[in-house]
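Here come two complexes built around chain A, the first alongside chain B, the second alongside chain C.
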Partner chain A sequence: MNAALRKTLATTAISILSLVSLLPFYIMIVMGTYKNEDLFTRIVLLPGNYLLQNLKTVSASRFDLVYMNSLIVSLSSTALSVFVSACAGFAFAKHDFRHKNKLFAFILLTMMIPGQLGIVAYVIEMRYLQLSGTLLPLILPWIANAFGVFWMTQFIRSAVPTEVLESAKMDGCSSVGVFFRIVIPFIYPAITTLSLLVFLWSWNNYLLPLIIVNKPELFTIPLGITSLGDAYRTDLAAQILGLTLGTLPVLVLFAIGSKSFVRGLTAGSVKG
Partner chain B sequence: MNAASKAKRIAWMVIVGLLTGLLAACGGGNAEDGSSSASGQPASSGSGNDAGSGGDGLKGEFVLWTWEPEHPTALAAFNKKYPNIKMKRVNVAAEDVPKKLQTTIASGGELPDVIRIERGQKAKIFDMGILEDLSGAPYNADTSLLFDYDLPAFSVDGKLLSIPDDMSIAGLAYIKSLAKEYFGTDDPKELEGMFATWDDFIAKGKEVLEKSGGKVKMVPSLGDVNDILKGQRPESYFDGNKLNVPVLENIVSTLVKFRDSGIVDKLDQWTPAWNASFGTDKYMFIESPVWMPQYVIDPNDKKDGRWALMVPPGGGFVRGGSSHGIPKGAKHADLAWKWIEFTSMSQEGAEAQKTDGVFTHYKKAYENKDFTNWTWRNFGDQNIGEKYFVEISAATKDVPENINDTYLDEAMSIVLQTLSKDSSFGTEQAMDRIRKELKAKAPNITW
Partner chain C sequence: MHTVKKNWAPYAFLSPYMLFYTVFGLFPIVFSFYVSLTSWDGIGDKTFVGLANYKYLFDPDSHFFQSVGNTLLFVAVTLPLQMAIGLLVATLLYSRWVKWKGFFQLVNFMPYIVTPVAVGLLFNLLFDWQAGFVNKVLLQLGLVDEGVYWLGEPLYARIVIAVMLIWKGFGYTMVFYLAGMANVPKDLHEAAYVDGASGLRAFFSITLPLLKPVTVFIVITGIIGGLQLLEEPMLLLGGSGMGSSVAVIGGPDRCCLTTVWNMYDTAYGSTTRYGLGAAIAYGLCLIIAAFSFAGARLYKGDSE
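Showing the complex of A and B:
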């Protein structure tokens, strides 16, 4: 009886918390179906009838192109960031080389410096490399991802048994082979977690595209959304619909990788 | 085993192929930033003030940073006159323009050929010292084409740094039925006579408050009152870094007087409640710049003919609005200037922009009664065009601002919040708070 009561209370509490967490998402979706001006008159809870017009406004701003740019940038950033971080993490966790600790400390140090400080130098660098008119400047910073290296190093250190690696080497497997055939399968949760994080950061990145992108055809979603409106009338409804559309890939990715994501976050929390 | 290894190899090849494809797609544009706008024309040759002289053989593309959607009629008219000049819009949110400009300058990047400057960001951008003097060669802007109050507002040290685009003079809009009920008339002229000063306005507001049992107030937000008083201030807030304390103190004490009279509600501007208030009968008056009927009152008030427009006590003022400036070193300054000149300083431009819902500052256009004739459904058959562009315009002044006004605006927004909600917060405390805020934000400001 007591246990049943506890279960009911827990279920109620979780339901309330879920409702509180999900309500903003629901309202975001519903707000995208209203006319901008109707949003101000009351709290909207039921879907409105202005979805098609808002979709028209969003699509008129070449949102498909903006969406594609964001996908290119975020997918490339994620793939490259995870690959380089995993390689570096493997090296730091399982190999010994000169100045390893100093190098690792240096990488950690770069995490302490706010990215905004280097942005002007980065823009100059991109201009010097003649990459300013492309999407590459939005992708390249994620390749040298200090957090990713740190994350992978810690994960590989705790999740990949050195004995297995040594056995593979004794069986004649090369270092590259060990990495792809042994290490990668061990670190799937870390890969999923880092992928989701980098994708999300890159997808939502506003400052760098704002500073570096000067061509409408290279706009990413955060820049594209701000363009829906004019000086006196910010079309919030269309912007919110844009946000809903912009959130979809992140939700889909999280739904696909949520199990591994949670496993990745909690890995190492209990010493086995 | 062999098959599995082969499959893995193929999988990796596919991944690498996809990645290469993605990266290749990244390099869609030209290598050099902005080089797509190159036209082969000599840079910034300038062509003087000859808006009416046809295409002039000018050819190429200029880059505009703006947050505004295209003004289609104006652009079409411009393209008809200058078929070989193309405009490339780069969307930059109004509040992001200074940040993007600063970084572009710091990194030595390529500046656009023309920037749209929102009034709130104007002082900051002017302060960067990056804009061309449009009254000098090669532009030689004919300043007599603009309104007299434009020159001090868009000049620094005698240099005209931008040309105003959309008209933003402001009057006072009111709900006719409420005016009739409480003042016995809804005629703008009679109300203008009734409210010669803001003290008259406050006194009448108290009567309304009493008669309505507190249900009807004069204005929804103290921010609205501040906009009006600030817009009507007789002198600039700053002379360089020196704050004009008497001017500021006078405005703050008037704000306190408004607050204490109880005729102003506590709504925050631009909130859902503030917007929704235009469809109600709770507030009789609201500041009304030229863009207000179309963009704020109309969407929030479904009923026709409820409003009327009058000259405010103390005359018209300027609220909002944008201008266009050309950065020094712009590659296609000559093309950009042609566009500014056409859209903001010519009759054809004024007419085309009017079709797009924009009234420009081209003074001559307003001499034509047909041009000033403008009605809006919320204002019934009142010719608000004539009210704005003839009567209010004649009673409007504007003063120069500098970067310190930006800091003062930030300080005032904090003070307004407290003033509005805390009735014990008086002029002295407000001035103290402003002093502290300014000291933290801009220590070089002197009192």
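Showing the complex of A and C:
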């Protein structure tokens, strides 16, 4: 096979697969631009002209509030989780202390535990602490993130040179100073990747809010999307537009961060 | 920093994690185990019943093993295909023959990052009996005489879920394979090329063996993640919102009831049996532990 033929074949194959990936999204976006009645009568392939009216229907359901809730929950979860993970990762990667290996093995073990294991009691705990009327129950479980600790430990161990840390200590820099001034700047790629992941996980989380959130004012995007269905049972077009709007933020985030995400994965996780 | 052994620093840096894990991670897990030994609806008094809830898991009425079987079936069917397609896309993207790598990479990763709830609802719309895109196209092309009842027949419903999971999941395996390929030394391929090995040969005897750690990682995380399947089938079939107003638990004949869906329905859906719900969660955890253990053994056996 010559090079030109290979190039054509490879490009054709990847294009077909990409089309398969994109088609449902395309249908979703296009359906959101039509009047509800039109969706039942014909196949819609090109964008329609009903987008603004559908937008009005969606915004009447206080979708902006749902958006805000999701942003608050995901941003706080991400910031806290990444910070706490980086702290613990620094402790494991660059310090010696008693039972260190046992503790690290235990944290690795907890990575295997499904998130649903403690959920029944967690809901009771939140009720007992009188937090069920707030967004906090959706943030707290992300803060201690075993995967994050594993990730940060691996990265700090390989990316931060111990000599630099030691010379900074010699110069009289405190441990906290070393962490913020030296460790953090070295691990930006790991921070980016972990942030994207935690944001994605918490943004998409459905089971916990479904169980714990009991009033519409606290709905996050996944709940908001399903409740659009209840409010507009007949208006399919508005519901689909809601789906599009709800998935937009993570798509934009990954479109921006996609390159550094994969770079971070390459540098960190899969060295065996 | 091995110089100072008795140092407060590591403990200080670890303390936030330990604190939050103990209060919001470990405590609920331990307390859930206690709940699983009781009969409790969350409002009245707890009655200690010992292992009765666990015994009930073996009763067909609990649908526990049925739901585990359904979930394992989905994993067994979809994971190999996700891996094959993901590996194919990664190989194409990593080859010299494809341009706009960043763009194609993002496009194929998109299904994975979309909210699972939205994926379930989207496929519910696409495969709707009446207004669905798929049926309309099939009718238009004259391939069927009347719309296929995709979500009402057990076999069809399972096929739709498998298609949905493969569509959603191959981007995940692609990303990890891409990351793994970047760590395969380039000169190995050049050496193979100089020695006259074909591209296919080089792929099977150099790239694939070197990607083994990635493959093991994907298999283990894929099984653990797959066993926790919930949103996609629930919103595809649950009728929560769009489509039918009747909540169907687990689809036709509960053929698509997953373990976590079963737990949710037991504790917070059809019934409020917290104790039984907690027991289902522990049962699932045991099954995941068994798979993780087997996976770890396999991994160790390979590297020796």
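The rule is short, and it goes like this: the second predicted complex is superposed on the first by the 248 of 272 C-alpha atoms of A that agree within 3 Å, B and C clash if a C-alpha of one lies under 4 Å from a C-alpha of the other, contacts with A are read in each partner's own complex, and residues count from 1 in each chain.
FYI, a contact is a pair of C-beta atoms (placed from the backbone, for glycine too) under 8 Å apart; a residue touches a chain by one contact, two chains touch by 3 or more.
No experiment lies behind these values; they were computed from the predicted model shown.
Student: Just to be sure I read the superposition right, which of the two partners does A:119 touch: chain B = first, chain C = second, or both, or neither?
Tutor: Both chain B and chain C are touched by A:119.
Student: Check whether A:79 is in contact with chain B, with chain C, with both or with neither, and answer first, second, both or neither.
Tutor: Touch status of A:79: first partner only.
Student: According to the stated criteria, A:10 is in contact with first (chain B), second (chain C), both, or neither; which is it?
Tutor: second
Student: Where does A:135 make contact in the superposed view: on chain B (first), on chain C (second), on both, or on neither?
Tutor: First partner only, chain B.
Student: After superposition on the shared chain, which partner residues are touched by A:214: those of chain B (first), chain C (second), both, or neither?
Tutor: First partner only.
Student: Once the shared chain is lined up, is A:151 touching chain B (first), chain C (second), both, or neither of them?
Tutor: neither
Student: Have a look at where A:63 lands relative to chain B and chain C in the superposition and call it first, second, both or neither.
Tutor: neither
Student: Is A:39 contacted by the first partner chain B, the second partner chain C, both or neither?
Tutor: A:39 sits against chain B and chain C alike.
Student: So which one touches more of the residues on chain A, chain B or chain C?
Tutor: C
Student: Which residues would you name on chain A as touching chain B in one complex and chain C in the other?
Tutor: Chain A residues touching both partners: 39-40, 119-121, 124, 210-211, 226-227, 229-230, 233.
Student: List the residues on chain A that touch chain C in their complex, please.
Tutor: Result: residues 3, 6-7, 9-11, 13-14, 17-18, 20-22, 24-25, 27-28, 31, 39-40, 42-43, 83-85, 87-88, 90-92, 94-97, 100, 103, 110, 112-122, 124-125, 140-141, 143-144, 146, 149, 162, 165-166, 169, 175, 179, 200, 203-204, 206-207, 210-211, 221-222, 225-230, 233, 236, 239-240, 243, 246-247, 250-251, 254-255, 258-259, 261-262, 265-266, 269-272 of chain A touch chain C.
Student: Within the complex, which stretch of chain B touches chain A?
Tutor: Against chain A, chain B makes touches at 12, 15, 19, 22-23, 25-36, 63, 67-69, 88-94, 96, 99-100, 103-104, 106-110, 112, 118, 166, 271-273, 275-276, 279, 291, 294-296, 299-300, 320, 322.
Student: Name, in rising order, each residue of chain A that touches chain B in their complex.
Tutor: 36-37, 39-41, 72-73, 75-76, 79-80, 119-121, 123-124, 127, 130-136, 139, 180, 210-211, 214-219, 223, 226-227, 229-233
Student: Provide the residue numbers of chain C that touch chain A in the complex, in ascending order.
Tutor: 1-3, 5, 7, 9-14, 16-21, 24-25, 27-32, 34-35, 42, 85, 88-89, 92-93, 95, 97-99, 102, 104-111, 113-118, 121-123, 125-126, 130-131, 133, 136-137, 140, 167, 171, 175-176, 178-180, 182-183, 213-214, 217, 224, 227-228, 230-231, 235, 240-242, 245, 260, 263-264, 267-268, 274, 277-278, 281-282, 284-285, 288-289, 292, 303
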